[in-house]
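Each of the next two complexes has chain A plus one more chain, namely chain B in the first and chain C in the second.
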Partner chain A sequence: MRLMKTSESYIFPYVDIVPQLIANSVIAGAIYALIALGFNLIYGTTKFFNLAHGAVAACGAYTVFAILKIFALPVNVVVTCVIGAVVAGSIGYGLDKFVYLPLRKRKASNMVLMVASLGAFTAIQAVIAILFTSQFQALESSGGVSGSVEVYGAIITHTQVVIIACGLAIMAVLGLVAKYTLFGKAVSAIKDDEEVARMVGIDTNKIIGRVFFIGSAIAGVAGILIGFDTGIEPTMGMNLLLKGTIASIIGGVGSLYGGFLGAFVLGFAENFGIWKISGEWKDAIAFVVLIIFLLIRPEGIVKK
Partner chain B sequence: MEYLIHLAVMSSIYAILGMSLNLVVGYAGLLSVTHAAFYGVGAYAVGILTVSRGYGFFEATAIGMVCAAAAAWFIGIVSGKFKGDYYALVSFGFNIIVFSIFLNVQSVTRGPLGIPGIPKPELFGTAIRTNAQFLILSIVFALLTYAISQWIVKSSFGRALKGIREDEDALRVFGYDTARYKRIIFMIAAMLAAVAGSLFASYISYIDPSTFSLNESIFILSLVILGGLANVNGSVFGAIVFILLPEILRFVGFPPDIAAQMRQVAYGAILVLLMLYRPQGMFGEYKL
Partner chain C sequence: MKSEIRNEKEILLKLDDVHVHYGGVHALDGASVAIDEGEIVALMGPNGAGKSTVLKAIFGIAPVHSGEVLWHEKRFKPVPHEVVARGIAFVPQGRRVFKYLTVEENLEIGGFIVGDKKELARRMAEVMETFPALKAKRRTKSGTLSGGQQQMLAIARGLMVDPKVLLLDEPSLGLAPKIVKEVFENIKEINERHGTAIVVVEHNIKSILGIVDRAYVLAKGKVAAQGKPEELLSSGVLEKIFLGEK
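Showing the complex of A and B:
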């Protein structure tokens, strides 16, 4: 499994390492937050671990890759990213419509749903590899976002600035939607109790379908941003999925702000964890953090 | 012929993995996705001990089994605190941690370079040289695993496991130490997986960490689910189908690279379809 290459400190050895570590932690945290936000949104309403979430993120990135690199269409980068997010969202919606919804109607256990999503994950990942080869490929932008800024001695590329901004913006928008719109209220009603929500007249399956679209589109955005930052490969989804899942569990699974917080805790733990040891240990550190959290505080940072 | 023997050897190795994982997933009802880690422990034990320490295959296998059991004991203690999907997630984590150890403790495992030149086993002073001879060895081990699994399943221990799967609280009320039962079956399954690993290492004669990744665990879990949960014969069936499937795809005319990916598409799709239409698998006696 390839690891996310966020440690610029190897390239710039003269930079004092602590500010750079903090910057890397924040960048990683923002990416994990995007994955965790979508993941949590879906978990909140359906109560199962949607493992296909990572593959959906990869679909977003590969859509952008197809438009910009393979067909080289003269489309604006931002428009392309929106298309990528919509494609990812549609795939998530399709998965719900054709796999999860029939299972839910049959009252399948969440283990069954989880295994089904694992199957979907494996299949989607392999289809991507067939269509675009399994090589690692670059997705750098064809204009606009390049160069870097220096903040207290830490070097952050413009792409990474966009990552952090997207993380914060999407979090804020979701928070507002959850609080002030009818849709947000319906979602929180389903979160509390799907049966009761249906009784008071909410079309729960329709709402859950939309939640899948939104959550998957956010995952798509995360995949695209990672693509611009480091590059894409079909297996990128696995790493994203695992980190997003860990982030949402240590933050408090199903909770919007919890996932966000957990993502940054994980980002810091990983990047400071590899201060003295090889970066290859990042994945193991992430899971050690998860297991420690599950043993000590299984309900996550934000208690429900 | 050589090609058919190769497929038969691989089928019997995966049959061992499938049967042993079925003990945990099917009979004890624990959705474990760590099996490739124990498979790897067995393979690395043979790789390291026979190549650089001069141990024989069977001694190395025994040591590998002990190591796998020790790892399973520790993992069992931690993951025993979780249930259902959280258990699955924690087991994911342990697979990744063990994989990281294979990859990163380079002084012992040589990391991504892998260990080449693993010798074939020697039995009563004569080396097993041809693949046909190796097939006999692997089938003997598969039959042993089959016998052990059937014996466990039919014993009172196996019945208690099924009870735990159906209603753990009830068994605890009757005075069963359910945590201990789950830990023991997990350790037995890990030891059997280590045997499969040592066969694999010695047969292919080269190992590297990529064989023991999370994807491999998912693959083993898929073949167990396909064959059927809580059915030992089913796991053998699942192993054979999943080993033959990519070969059929190759005969149809896909290039090997695409065929490998097609295999993934096929088993991903099989998982989804099974969950939709037959969640207990082909011959399963228990639904997730």
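Showing the complex of A and C:
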């Protein structure tokens, strides 16, 4: 995400910077939305904060890095990204199957599940650092998405265009799946009352496993896109996780549209918040927004 | 495979000496209950007697410590979605419809295991015929339905799998007497039309005894009495258990 430098905001006239701020807000919002969508899907069905979600996003990015940079395989960029998403999805699925599901079967509390997910987060991050070193790396593609476009004076790179498009497209697809497929309705039923969902014949663990795959694959997409935009490092998941979590809390935790809305609210708050101050304040602004919401509207924008 | 009229009724579903422990609480302490094909059986007893736990044990959602559950005389280890696939449907206590889904969507979820779209549509039409009130509200979010309508929806949702046994946990709870009468009429109708065996947990002794073939009276996790309604009424055992308990 490109920041406008503080000094520039004084050089450029008012009308010039606003389009760029809006563009930056939308780009940030789209990334946060991708994280929040998966996070909320998983939270909705399991009711615990899956902290490993951030590390899963990093797995997507590092898969692409391994294919394109380390092994330099002659694979199409889009195919590589799909592979990255599938790997991230599989890791999320595996976490559920081998860590969370056994714990749920033992009636572990949501706190225990969250702590387990924190452990998974740390472990995954460590494995990434061991395999790929802790260095910050670039992930630019060997063709395809480079260059930029100008929209009302705002400069948006092609990667960022893809980010916005993916954010909107994935949200739209999830919305359609939720409304029109039996799977989507089963997810809604599990969100509402998992025990009754089981009583009426839904194999809820199977559905939850799929939710983990889908949510984690979307996180993988977010990790890959941010990798192309700004680069990757093993700890990249933490920031993504924080922003995704804040987005889903201010939007309405567990709610599909809430997470999406919250992500853009957060993106705009961060980018307009640093209009007159240094970009380092972004994270602080995010937490201020979070605290404001927790104080005045803890249930989030989208109330159930 | 519609079953013809049998000479001797097979015991469809049976709980044999089942013990359920919630930590130190013995919710069931050696309960044995049997349901024949096509009959309506009541489970009665004071609060905490273990009535809901009997149904949950059949469904594999209660921690069964020992004892057996048998389906067509064969023992099985209950897993909820497999139990439903065998033809046993559960309508839990407290209605518990999926409140963010519409009436129609609730029924779709009820038929989740059916798979075939056409068959699902056929059953939905049939169920709506039994409950015309639901048909009128098919696109309404079920959270906004009245208590009586939600109870009917919960029962209708259970019927979507064309069950051989329907387990109803306190369907009259919190409903006005007139609505309770309606619900019981529906239950009787389902039983007569489809030959569905029904197990109904009920506090409302007088109103339920009119429609049931047999009743079990539970107390403290055990079967304290069982028999035909007239027998139970005349024996005075009901008064003893319900009033003596207090």
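Rule of thumb we're sticking to: the second predicted complex is superposed on the first by the 289 of 304 C-alpha atoms of A that agree within 3 Å, B and C clash if a C-alpha of one lies under 4 Å from a C-alpha of the other, contacts with A are read in each partner's own complex, and residues count from 1 in each chain.
The working rule: contacts are C-beta pairs under 8 Å (C-beta built on N, C-alpha and C of every residue); 3 or more make two chains touch, one makes a residue touch a chain.
Quantities reported herein were computed from a predicted structural model and do not represent experimental measurements.
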item: Touched partner set for A:P102, first chain B, second chain C, both or neither; value: first
item: Touching partner for A:D193 - first (chain B), second (chain C), both, neither; value: second
item: Touched partner set for A:I202, first chain B, second chain C, both or neither; value: second
item: Which of chain B and chain C A:V161 touches, first, second, both or neither; value: neither
item: Superposition-derived comparison: chain B or chain C, residues of chain A touched; value: B
item: Residues of chain B defined as touching chain A within the complex; value: 31, 78, 81-82, 84-86, 88-90, 92-94, 96-97, 99-101, 103-104, 213-215, 218, 221-222, 225, 257-258, 261-265, 267-272, 274-276, 279, 287-288
item: In the complex with chain A, residue positions of chain C that touch it; value: 59, 61, 80-81, 84-85, 89-90, 92, 96, 98-101, 105, 108-110, 112-113, 157-158, 161
item: Of chain A, residues touching chain C in the complex; value: 182, 185-186, 188-189, 191-193, 195-203, 304
item: Chain B contact footprint on chain A (complex, rising order); value: 1, 48-49, 99, 102-103, 108-116, 118-127, 129-130, 134, 238, 242, 245, 249, 278, 280-281, 283-284, 287-288, 290-291, 294-295, 298
